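There are two complexes below, and they share subunit A, which is joined by subunit B in the first and by subunit C in the second.
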Partner chain A sequence: MTSFFDVLLGGVFHASVLFLVAAGLQLVFGVQRIVNLACGSFYALGAYFGITAVNWSTAHGAPAWSFLPVLVLSGVLLGAIGPVIERLLRTVYKRDEAFQLLLTFALVLMFQDVLRFFWGATPQQLGNLSMSYGKLAIGEVSFPTYNVLVMAASIAIAVSLGLFLQRTRYGRILRATAENREMAEALGADVRGIYASVFTLGTVLGTVGGALVVPTAAASLDMPVELVVEAFAVVVIGGLGSMRGAVAGALVVGLTRALAISFYAELEVLAIYVIVIAVLIARPAGLFGKPVE
Partner chain B sequence: MSALPKRSALVAFVALAVAVLAVLPHLAEPYYVTLVLPAFAYAIALLGFNLLFGTTGLLSFGHALFVAIGAYSTAVLTSKMGVKSFEAIVLVSGVVAVLAAVPVALLSVRYVRIFFGILTLAFGMLFHSFLFKFYDLTGGDTGIRVLRPTLLGMPFAELDKTAFLIGPFYYACLLLLVLLGLAMWRVVHSPFGLQLVAIRENPRKAEYLGVRVRLFRFLAFLISAFYCAVGGAILAINTGQADPELAYWTHSGELVFMTVLGGFASFFGPLVGAFAFIFLKSELMGATQYWRFFLGATLALIVIGFPRGLMGVASDLWRKACRA
Partner chain C sequence: MNTQRRKILQGIGATGAVLAAQPYLSFPAIAQNKPLRIGIISPKAGVAGTIGECGLRGTMFAVDRINAAGGIAGRKVELIVEEETNPKDSIERLRKLVLQDKVDCVQGIVSSGVSLAMGAVAEEMKALLIFWDGTTQDGVKETMPNPRYVFRSTDNECEAVMGSLLAIKHWKGQFATIAGINPDYSYGRNNFAAFQALLKKFGVEHKVVADQWPKVGTLDLTSHVAALKAAKPDLVFSSLLFADLPVFMKTAHGAGLMDGKTKFVFPAAGFQHTLLKKEFTPEGMLFGHNTLYFNLDNPTPLQKAFVQEYEAKYKDYPHWEADRAYFAMQVYKAGVETAYKAKNAWPGTEDVINAMEGLKVDSLGGPGQMRKDHIAEQTFYQGMTTHKNRYDFATISDVTKMYSDQLQKPAGADFWKWIETAQIKL
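Showing the complex of A and B:
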């Protein structure tokens, strides 16, 4: 019984991190129609930079408990690269989507060496910091408090993203732009500004996701390309461009992976992709996506 | 439309290129000759890939799957089943890839644009994780060794590995490239190929005109799988190993990179792209450990500044030269 809950909570923890990255992917695709292969690179950048930020702050006398806010802050600060990369992408907005996809692939290649340049090829770790928050025990089941905090943070982000998109004026303009760019522009929406802020928000979701995962796992150079694989599974299962889909897809992928790893490790990625293909056969647009043309 | 060189000029160009490649092993250093082999392999693979991308308008981000199938078929044939004949290897790899492509293509051609790309990526990663995790069957991350094949029944046992590769095997690959290139030229310029172009330009209109859009996309997919597998077979023989990285999505990305580098709008673009990419990558790797950065920067530059690739640049220069 205990081990079942471990698997379940492990899966949900993984899902909550995946959700952040996938939400960034969905937001950028939903509004800008760009599939951002570099989402995994942002995630890895967040992880590496998070390690550096925590090491720096502890060296300057920050208390041990402060690492979670430091990680979140470092992820948000990294959002500064968002507008720069958006400026680069702006050169191909009017081109075929093959070019947009390729430009993000070029970013993947470049980021790979940026990470190698600053942090080297050996994987980096934060040590056992995630345990410094202790454990939560409910009956016989115990679970690191840190992981619970990350899940809570992810849920909070999901809820506020939902409220932002549904209830605020700017969120409505974003959705209108996603629906019909020309019409939104004709009605006075500042599409340029919207694209820049959406891309930055997408970047921040990725970097914060990476920063939050780093107390529990090492940051390595394989991180960016491996994460893309899972993030894509999430968005395809959930439906491209849908936020609800990101939640559902992240849960499906997170839990599948956790179950596969504990019962039959060979199936880790395979199981995820079998589900992806099954979903596509049964519901081509994904669980929450709009039908494809 | 761009001012294309006349047909006779084209034939002369191609003949010249083949002649240069044919004498290359006698002139260049062995190191550069060994670089040409993967370029041959990718050139063949991209001939097929571009039938789907450039001609039919479907961008696959998973075609490394079929390159890997070609490589693993070669590995299994040579080191597990004792089949050494290169001709048989090429044929069997291609057929295995086509068979594997049937279900993949049936599902994928229901989609277009970005959805097609993501679905093919999913299939590629499915195969990669199979190769990576099922150690007993596939050798896991180390893969399977590939033994030296015979050419037309001749083992060339007296040659060492490099001498075999840059000698007889080089010419076998060159011949294969020419033959498959001619075949692809016929395909692209046949009524079938023209209907693929119609599908790319306007699928709905093509359908009204009686083009069987899905069937033709499906067939183009199968042909591209065959070519990619032949390329994979050559790659595997060249390195002596079939490993799972061949199926990884970044390898599929490299296929697209090469195609765009050369220019996907031109028949010869992907061939030029394959040679340019291999040469560029090897030069960068020799110059700096941060070669990926410069490779990525090159790709960004091509995408932003020269979307028609090297062939586009060349044809612009050609037009200027004609006017002057």
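Showing the complex of A and C:
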């Protein structure tokens, strides 16, 4: 039973990490219809910048416990790059999807060089800071408290996004724009402003996600590609553009991976993509996606 | 991927002392006028980016000293640096270096995937190529059976053999169940297989209770650690490297995998030693530093000078790729100068190759040699982790030094058969 809980917690933690990457991807596609490959780059940028912010605050006398709010704040501040990137993407909104993919992939490559320029090729990390919040232990099951906080943050972000999109006036305008851009525009919605806001929110989700997860991992130049591949498995399973789908997809991928690793490690990748293929055949729009008519 | 070309001209920041090459300052003026061009192909990005960076620094250290001392046989050295990426693009850069830049020698390469593909091409082009690294067992016999123009690094499995021998020496009788968490490619697979083969050879009864194969670059190892913890092994053998190892350490420490009496063997820990912070890297683990351990009690003057310069210049501490790169440059230099002396004229590629076979040189990590079958022999270092140092990361104590003739197969032998039949001392 102890082993089961260890594996379960590992799976849910990985699902939380994946959700943080996939949430921004889903939001941007849902409203703007852009498959933003650079969401992984925002995640990596958040991780690197978060390390710098924490090191800076620590050097200026901030107590060890304050690293969590510093990371969140650094991620939010980085969201300032969102409007700049969105301005660039405007040039391909009405073009073929291939142009959008090429442009966002170019951004992935450019960000990799930006990361290397500022932080070098050596992976960066935050030492053992994540353990400063201690461990939660129940019997033989022990799990870092910080990891539990990351899972809680993912749940909080998922719930907040859901409430924002469903219960607020601006959320309804966003959904209306996602449904029919021309109609929303005709009814007076500031679509250009909405796109900038949505893309910035998507960017913040990525940068905060990267900043939150980096104490448990490390920041490396390969992060963007590594994560975006798994994030795509999440969105295919959950349904492109669906926030509920992001939650469900992340849980399916995270738990499947954890169980595969535990029972037969060789199946780690295969198990996930068997599910991806099954979903593509049985329900091409994903578990929560809307079928294309 | 972007390909950037950098020319690092002779004499950049030469800070090293002028050493043994003083006599060559008297080489003929004609030879001194034309720089010797050496192409370097090393990774700049990706998981191996930091490895390539450290290697390049080793090369630059060597070239600075060589140029300050008058060059190689009187000719200053000029480097042309290209990026190592995938096999196809890296081979294109090799062709460009040889055909367009007309370099005299190419050095570098970290990835086995690239080295296996590039070796055959270099042979076909008759281009002198000295690998820094990237030579696991698999495929070498097929792609480079009897290389003439290619010189290989030591077998990548040397560190696993040494780690296995030391684990058996220190802990035989203290473990019955083992687990592995190794990168999912030939290097990781061969290392874990070599460990088990050596356990068998030395009569260590054992049961494999878990074997994990995360792909390189996996930054969330929570599930892998949970699986290892569930298996309750007495000993964990891991060839994880790059950023994966510090992530594993942190995750394992957080999950309590390191709280018990489990023993750990990390043959490739030295590749990212500065990231293995004391807070999550316990003492008493077996760490491999391959062919360069920067913190020896009694380093050679060469190593001392290198480590001091590296620390001052880069605010960092070097790992073995710097040594591999330095070794490659020194072997080439010694080959050219030996051939020059024998011929009393500037030697051709064939003369240099003949001269390099069997040559002994001093590298940053210690003595080394290029065997006649074009495989390097070098000095390896491993030891137990300690926190008794001035750094924020774990170093090693009880350092064991072994020459690679004890760790790799002799010329023409099969690695696995060699493990079975070799007279290996613990």
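By definition in this document, the second predicted complex is superposed on the first by the 290 of 293 C-alpha atoms of A that agree within 3 Å, B and C clash if a C-alpha of one lies under 4 Å from a C-alpha of the other, contacts with A are read in each partner's own complex, and residues count from 1 in each chain.
Note that a residue touches a chain if its C-beta (ideal position, glycine included) is under 8 Å from a C-beta of that chain, and two chains touch if they have at least 3 such contacts.
In this text, all values refer to a predicted model and were calculated from it rather than measured experimentally.
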Fit or clash between subunit C and subunit B when superposed on subunit A: clash
Touching partner for A:L71 - first (subunit B), second (subunit C), both, neither: neither
First, second, both or neither for A:L101, with subunit B first and subunit C second: first
Touched partner set for A:F117, first subunit B, second subunit C, both or neither: first
A:V7 touches, of subunit B and subunit C: first, second, both or neither? second
Touched partner set for A:I194, first subunit B, second subunit C, both or neither: neither
Contacts of A:L45 with subunit B and subunit C, given as first, second, both or neither: neither
Which of subunit B and subunit C A:Y273 touches, first, second, both or neither: first
First (subunit B), second (subunit C), both or neither touched by A:L161: neither
Subunit B versus subunit C as contact partner of A:L109, first or second or both or neither: both
Subunit C clash site on subunit B (candidates 9-17, 225-233 or 279-287): 279-287
Overlapping contact positions on subunit A, where the subunit C interface meets the subunit B interface: 109, 112-113, 116, 265-266, 268-269
List of subunit A residues in touch with subunit C within their complex: 2-3, 6-7, 9-11, 13-14, 17, 109, 112-113, 116, 120-123, 125, 127-128, 130-131, 135, 137, 142-144, 147, 213, 216-218, 220-223, 226-227, 257-258, 261-262, 265-266, 268-269
Touching residues (chain side subunit B, partner subunit A) in the complex: 53, 59, 61, 107, 110-115, 117-119, 121-123, 125-126, 128-130, 132-134, 248-250, 253, 256-257, 260, 289-293, 295-297, 299-300, 303-304, 307
Residues of subunit C that touch subunit A when the two form their complex: 1-2, 44-47, 49-50, 52-53, 210-215, 217-220, 222-227, 229-230, 242-243, 246-247, 250-251, 253-256, 272, 275, 277, 279-280, 316, 392
Contact set on subunit A toward subunit B in their complex: 35, 37, 88, 91-92, 95, 97-99, 101-103, 105-114, 116-117, 225, 228-229, 232-233, 235-236, 240, 265-270, 273-274, 276-277, 280-281, 284, 292-293
